[in-house]
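Same chain, two partners: subunit A is paired with subunit B first, then with subunit C.
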Partner chain A sequence: MKSNSIIQNRRTWAWPYVGLMVFLVVLPLILIGIYAFTNQQGDFTIQNFVQFFHRSEAVNTFIYSIAIALITTLICLLVGYPAAYIMALNSFRTPAVMAMLFILPMWINFLLRTIATVELFHMFNLPLGEGALLYGMVYDFLPFMIYPIYNTLQKIDISLMEAAMDLGANRRKVFTKVILPLSLPGIYSGIVMVFMPTVSTFAISELLTQNKITLFGSLIQRSFGEGGIAMWNYGAALSLIMLIIIGLTSFFGNHDTEDINR
Partner chain B sequence: MAQSDYIIEVNHVSKQFEDGKFALDDVSLQIRKGEFVTILGPSGCGKTTLLRCIAGFQVATQGDILLNGEDMTSMPPHLRPVNTVFQKYALFPHLNVYDNVAFGLNLKHVDKRETERRVKKALKMVSMSDYEYRDVDSLSGGQQQRVAIARAIINEPEVLLLDEPLAALDRKMRSDMQLELRDMHNKLGITFIYVTHDQEEALTLSDRVVVMREGKIQQIGSPTDIYNEPKNCFVADFIGESNILDATMIRDCKVHFCDEDFECVDKGFGEDNEVDVVIRPEDFYIAESKAENKQQEADDPWQLHGVVSSCIFRGVHYHMSVKTDNGYELEVQDYHAFEPGTRVGLLVRPEDIQVMHKERLCNAFEGEVLEDNKVLFLGEEWDVLERTAERFEVGEKVEVEVDFDHVNLLDDEEEGVLSGEVHFILYKGDHYHLQIRTDDGDDIFVDTNDIWDKGDRVGIKIAASWIRLYKTEQE
Partner chain C sequence: MTQKILIDRRSLISRIAGQSYLWLLLVVLYAPIVLIIIFSFTKSKVLGNWTGFTFGLYENFFSGYDTSCGVRVDPNLYRALLYTGVIAVASSLIATLLGTIAAIGIFNLRQRHRQAVMFLNSIPMINPDIITGISLFLLFVFLGISRGLVTVIIAHVVFCTPYVVLSVMPRLKKMNPNIYEAALDLGATPIQAFSKVMVPELWPGMVSGFILSLTLSIDDFGVTFFTKGSNGLETLSTFIYADARKGGLTPELRPLFTIIFITILALLIISNIRTNKQTKK
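Right after this comes the complex of A and B.
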């Protein structure tokens, strides 16, 4: 009886959250869907999407954004994996402190960090632009790559590496045959965690390129911001396209993570 | 270089960790080809460290390890022709059973068909033939263990190292696996080095047992040797059950303990020397005493008389404690039960009395005489009697001796001159022999009637009158 009532209680506790989710997530999503497939008069149309695919500038921005996000993710992976590896496996006396140092920048608002980066570039007389954009994105999102990889690496049982050595693997083989495959879940979630925000960001690009480079996120932002109500339907369509892209990547991430864990 | 019979030679190997502790302390061991050697000892005795030094996961601080006469002390593990079965199996979770077993062959780029043939053979050997494509996580502990063994033997190592491989299995499964391991050893014909803390396992499996304690080898011998002729109290106490008693060797083949003289078969212990004797509980003959008075008892053949104080059924036999008339408590095993309160006589055959040298007769320390009748030893200042101290000059180095039964142990560690922890307990029939480890890592041995538990914190005090000083012999 008692446990039953507790279960009922717990279910009741969930309702406010469900309400909140419906109000703040589901409802807006439905609205985006409705706006994307209607015109200003509220009639059904796919004109918004047609418009996007006909504007070569928009399509180019879309492709460019994905390319920038992919490059950022790749650099984060190339820089982040060794960092996580060194922290997790090497004989640092205080790996937790090291991990903390990498995570610490996340405690500061990323807008502040980005503005500081702009100042840094000014200080060294470096041009703002594509390079600065990549630098800023990598700097901002690197911890999201390091942390999940560090986490999986840290959990690998040392005796697995010893077993591999015992069976004849040298250091390189131990890495490629045991450590790398076992850290794949961390790599996948790192990729998703970096790719998702980078593909949709707009503030970083605006600040670090002084609006010279427009990313897809900025395009959406402008449709809603500067475009006025006339552009809302178009903006909604763009949002939906990005939603699908992000949805697909996280899908790919989850799927493979499960595969490894199983 | 002469080809030696030994496949593995461990020569004076020491392993000191960063904190200064010795995990291995001058260990030497020779292992012949095809032998099944078990390294046995309580946890923390260095047995796993020794195995890891042979496997190459740890490098000895001193000494060397030879394989087939060649030095491999600092050879990395992947080049050593030895393979290990790990305690927690260490199967690769991202690979299935087949790929786990094939791991070693794939590294050597053995061709596919040959690999398949050998994997199948190895899996058949451990009776896991139908599990090739199963995930390792879906296997039970025993099955994982089998896969781990298959993975280790597929490389056809010259030596197979097994680190407590059966520790995680339940009792029934463990004894089945023991038999299988023995069989496997016979079939493969390679050398097995097996690490365990389970004495029964060690006796069951091995050709030779190496008993270790605190980084040192205590005894090496066949299971029967180790059981019947333990070299010291630790081995006697660790392997099986035993009565360990203080005794005096009167002369060859005559030993005195429990206030009686006994015939024995041991020689060469000198005359009137203090020794330890070991009698296994099953070596006592026990029977109800029919004598009606002391006079009759003196004439009957029983060597000791006493009263049964407890009797426990153990399945095959009964385990009894007998309190002898002269105050000793002896453990006795017999197929017949003798109820508590029964008056019994005990008999032990001369060949069942195992005589051992005592490791030490009293506590001995190095000390230095200070002012005011004080002596410095074990890092503390102790009071001694004036007439003891006045024979020496201040600052003189001396040898300090204290008898086991004159060390006082106090509940309140603050009250002692020195504090420590009860490290090892031995029951000697009428008293306990304790090893107290001080906080600085020194040992003090104490005879006491009080009951202490291992790990108890104690204060240590020694009355001034019981501290003896001797001149240090100058070279």
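Right after this comes the complex of A and C.
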């Protein structure tokens, strides 16, 4: 009986954290919703969204940002998957070192990396613009694609491939029927890990294009920064639209979070 | 063995092609980093303009003065470094303590409640930094709290703690659930049982959660940007952002960048060797 009450006691250890998270995560998100659906006087309105859809410039920026994020994610996948595949299946004497070399840039401040890329473009007299933006985004987030894919590939039981080969599958069949399906969770979480930051970034695009190209993240940032208090409600509406995109994306990447919970 | 068979069936050419591809990617990935490191050993204002080998920038960085012309290196850089450290250490310590206690509680919850709390726990990890930043910005405005060092630390605790919970959780699963009760039965107070029995068991998870928090905090830009207020509080990230928007990198950032890079490289190599040893055991 005594131990039972103690177990119950320990259960209560979670409540301070839950309370804090509700206060510092859930409540602030609700605040975004409230601000999005009110005007500066605090009255209910959908004017903020109407304003967004009526500004073709804003809508264009939104579509453009999603397109850029999708293209970045696709390039990362096409470049990153082979790298993860080669690393996971090759008998390096020390494969961990190779993987570490790919992960290392992830630990360096992304602003520093972005500026380094800008300097590289300057050095070779390359123009800063859309090309630089795509290059810089892929450069910044490629490790986030390689790492999860490498992780899942590495965990694949090698005897499964052996079995497939014994049963007559050729190399291509082994890849399409065994390796690729088993690495899907890694691909999903790689896509989420690259798409989410690229669709929401504001600093990278500003630095890489010298403010020539505005992304949706910058639009939100400006509403809260330079726009002053009059733009907060509009900015909150934009944030809510961003949140919906993020929600949809994380729903897509659900496989990954399930993995973590287990 | 089987891995070897798989590899042997590949032609030598495709193996070489694979290796070259990896090395090519690494070259591309490290080119900007190497560029900055190389040009930290020359004194030119812009990169790509080599004016001879010198430790001048390192001397400037450590002395705070440009030794050749006596101009001060931007003092905001040092303040930003100090604040980055203070914020990282404070928020990581709080996050580690909070996250460990929370993980123990969550672990003992009933299945359904645990799933609900773990979902709550995953929200800050999924949210992009701009959303976390803006939502907290609105909260602080709503509550009438003026933004500054404290609000930045609170914000960092919010996005670091979930990672601590996730790194402590596996240790709890491995732990014998009865030893806490055993300690209590043998006369320990709950605090003693926690600090003398639970903490040593959970220590590796707590340490990796702490280190992860440190790196997340140091690396953060978006959340800090919206919660730092406008009283001149800068971290390294926001300083770099402001600096770059002004046009060009302060040259003294190059030696700093090099030092940071070498430190991280060394730490990763050390931790890599340590985990290798542990897995061999």
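Following the convention adopted for this analysis, the second predicted complex is superposed on the first by the 248 of 262 C-alpha atoms of A that agree within 3 Å, B and C clash if a C-alpha of one lies under 4 Å from a C-alpha of the other, contacts with A are read in each partner's own complex, and residues count from 1 in each chain.
FYI, a contact is a pair of C-beta atoms (placed from the backbone, for glycine too) under 8 Å apart; a residue touches a chain by one contact, two chains touch by 3 or more.
What you are looking at is a predicted structure, and each value in this text was computed from that prediction instead of being measured.
Applying the stated clash criterion after superposition on subunit A shows that subunit B and subunit C can sit side by side.
Of the two partner chains placed by superposition, only subunit B is touched by A:167; subunit C is not.
Once chain A of one complex is fitted onto chain A of the other, the partner contacts of A:177 are limited to subunit B, with no touch recorded for subunit C. Using the contact criterion defined above for the overlaid structures, shared-chain residue A:74 touches neither subunit B nor subunit C, since it reaches no partner. Of the two partner chains placed by the overlay, subunit B and subunit C both lie in contact with A:159. With both structures placed on the common chain, the touch criterion links A:134 to neither subunit B nor subunit C.
Judged by the number of subunit A residues each one touches, C leads among subunit B and subunit C.
Draw one line from the C-alpha centre of subunit A to that of subunit B and another to that of subunit C; the angle between them is 80°, to the nearest 10. Superposition on chain A places subunit B within reach of subunit C only down to 5 Å, the least C-alpha distance between them. Touched by subunit B in one complex and by subunit C in the other are residues 159, 162, 165, 260 of subunit A. Taken in their complex, subunit B has these residues touching subunit A: 55-57, 76-78, 82-84, 86-88, 90-94, 103-104, 107-108, 135, 151-152, 155.
Within the complex formed with subunit B, the subunit A residues making contact are 157, 159-160, 162-170, 173, 177-178, 181-182, 260, 262. Across the complex, subunit A is touched by residues 2-7, 9-10, 15, 18-19, 21-22, 25-26, 28-33, 35-36, 46-48, 98-99, 101-102, 104-106, 108-109, 115, 117-118, 120-124, 126-131, 134-139, 142, 154, 158, 161, 165-166, 180-181, 184, 190, 215, 218-219, 221-222, 225-226, 236-237, 240-241, 244-245, 249, 253, 257, 260-261, 264-265, 268-269, 272, 276 of subunit C. Residues 3, 6-7, 9-18, 20-22, 24-29, 31-32, 35, 79, 82-83, 86-87, 89-91, 96-98, 100-105, 107-113, 115-120, 122-123, 139, 142-143, 158-159, 161-162, 165, 171, 196-197, 199-203, 206-207, 217, 220-221, 224, 232, 235-236, 239, 242-243, 246, 250, 257, 260-261 of subunit A are the ones touching subunit C in the complex.
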